[in-house]
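Common to both upcoming complexes is chain A, partnered first by chain B, then by chain C.
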Partner chain A sequence: MNGGGVDLELTVAATAENIPLLRHAVSGFLDGIEVTGDDASDVLLAVTEACTNVVQHAYRDHQGESEPRIELIADRSEEVLSIAVRDLGHGFAPRVDSPGLGLGLPVIAALTRTVEIRPLSPSGTEVLMTFALGQD
Partner chain B sequence: MDDDPTRGTGPQFQQRRVEESVLLLSVEGELDIGSADALRAALDTAERESDIVRLDTRDVQFLDSSALGVLLASAQRLAARGGRLELTNVSPAVRRILDMTLIARTVHVIP
Partner chain C sequence: MESRAISLARTGDGRACIVSLNGEHDLSTIADIQQSLREAATASAMVVDLTGADFIDSAVLGALIASHRDAVDSDRGWSLVVGNGAGAAVRRILELTGLNAVLPMYAEQEEALAAAEDGPIT
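The block that comes next holds the complex of A and B.
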């Protein structure tokens, strides 16, 4: 990402079973950079919601050559933590049979300082979240 | 990785009747998309046995919107037959998402 900070990069198969694994990895990363308490809880919830969106939406009807996967990249610089969650699927297309409440993105928006959702080339979506640390 | 205690360990559920009309369902663990099916199954079982299900979340370390959806569906099913879903011993992390999503208006939170 923007470099200069402490980084974490993970790539796992986009399955529901891997969501806790990602969350625990990010939790360990947060411990290492001394992000704790409510700040850590907010980050872990937002990351979980973003990764859940990938599992539920990004690879629905996936037939591409690439294996469905989630990429997570975290970077802490100064008082800002940035976390990108990426997929190589087809993003956030609305679905009438969604198994969720549609609360994922609103929850992310409520927990983050900024959130950007942008397409990746040639396919995929990146959800880039930033968190202001130590502001409470 | 096989020794990682976080892998393959889903939430644990225990239920017991605490009043004639109230079934207490205690949950321990993390509730997300990976454990939503287990939560749904535990609530289904509790709903079959009582019109009032009280979910003790004292030992729930994490709860996301996927799990919240399961709780909401259970609350709606119980309400449709005159019952209710209650949450008790709500941890700060659980309280945060309840307030954020206003679902505390649908389930009954016992302070």
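The block that comes next holds the complex of A and C.
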């Protein structure tokens, strides 16, 4: 993404321990662009759900040619905040033994202005979320 | 960084257990939460107190729902406390998922404890 605004780019190992790390990094980014209160809370919840999805689903049965990673890219341009959460695994591949409630995506959809889930080449998935800012 | 504590306490008469989550909780703390919920389930009634929680996600909600379902199935009391101190994200996800209308939820721990000790609320 390059909307000409303020960016944050992070790549970390796709582990549960890194989920709060990513959330805190986004929290700092939001502070820096003066997104606070309920707006910030919604963004952090959506980011957490997207990252949790990567850890739980994207690298299941991963064969190890590359380290499982989460990529997060945030871009604030004008009144829109865009955050992409990417994996290089198999994204939202369904599993019958999912440990969660299947609430992650509905929660993301409820918190965002738009959400797109799209495949990456040669492998991986991007969850691209946008949030409207300044709507109070 | 904020504390991410999970505490487990038993009431004086030993009839009920209180699991309190403080700080931020997500997939990274889910195993410890599930362990505390299992330990609390050895009492005839249990209360989960989110008043000190700043953040929970759907992974934590999943653990709470499983704990509640288990309590209902085994005829034990189970209540949730979301007091004034709970973070905005805690209230938000409970509202978004509609679980604030499904789980027996109270604003005060004493009230929740009394309800749990009265038996299961489905």
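Heads up, the rule we're going with is that the second predicted complex is superposed on the first by the 135 of 136 C-alpha atoms of A that agree within 3 Å, B and C clash if a C-alpha of one lies under 4 Å from a C-alpha of the other, contacts with A are read in each partner's own complex, and residues count from 1 in each chain.
We adopt the following convention: a residue touches a chain if its C-beta (ideal position, glycine included) is under 8 Å from a C-beta of that chain, and two chains touch if they have at least 3 such contacts.
Small disclaimer: the values here were computed from a predicted structure and weren't measured.
Asker: So if we stack both complexes on chain A, do chain B and chain C clash, or do they fit?
Answerer: clash
Asker: In the superposed arrangement, does A:L103 touch chain B (first), chain C (second), both or neither?
Answerer: Touch status of A:L103: both partners.
Asker: Which of the two partners, first being chain B and second being chain C, lies in contact with A:P20: first, second, both, or neither?
Answerer: both
Asker: Who does A:S41 touch here: chain B (first), chain C (second), both, or neither?
Answerer: After superposing on A, A:S41 lies in contact with both chain B and chain C.
Asker: First (chain B), second (chain C), both or neither: which does A:E49 touch?
Answerer: A:E49 sits against chain B and chain C alike.
Asker: Once the complexes are superposed, what residues of chain A are shared between the chain B interface and the chain C interface?
Answerer: Dual-contact residues (chain A): 16-20, 23-24, 38, 41-42, 44-45, 48-49, 52, 55-56, 99-101, 103-104, 106-107, 110.
Asker: Which residues of chain B touch chain A once you look at their complex with the stated criterion?
Answerer: 6-7, 30, 32-36, 62, 64-66, 68-69, 72, 92-93, 96-97, 100-101
Asker: Report the residues of chain A in contact with chain B in the complex, numbered from low to high.
Answerer: 16-21, 23-24, 38, 41-42, 44-45, 48-49, 52, 55-56, 99-101, 103-104, 106-107, 110
Asker: Which residues of chain C touch chain A in their complex?
Answerer: Checking each residue of chain C against chain A gives 1, 4, 24, 26-28, 30, 55, 57-59, 61-62, 65, 87-89, 92-93, 96-97.
Asker: Flag every residue of chain A that touches chain C in the complex, lowest number first.
Answerer: 16-20, 23-24, 37-38, 41-42, 44-45, 48-49, 52, 55-56, 99-101, 103-104, 106-107, 110-111
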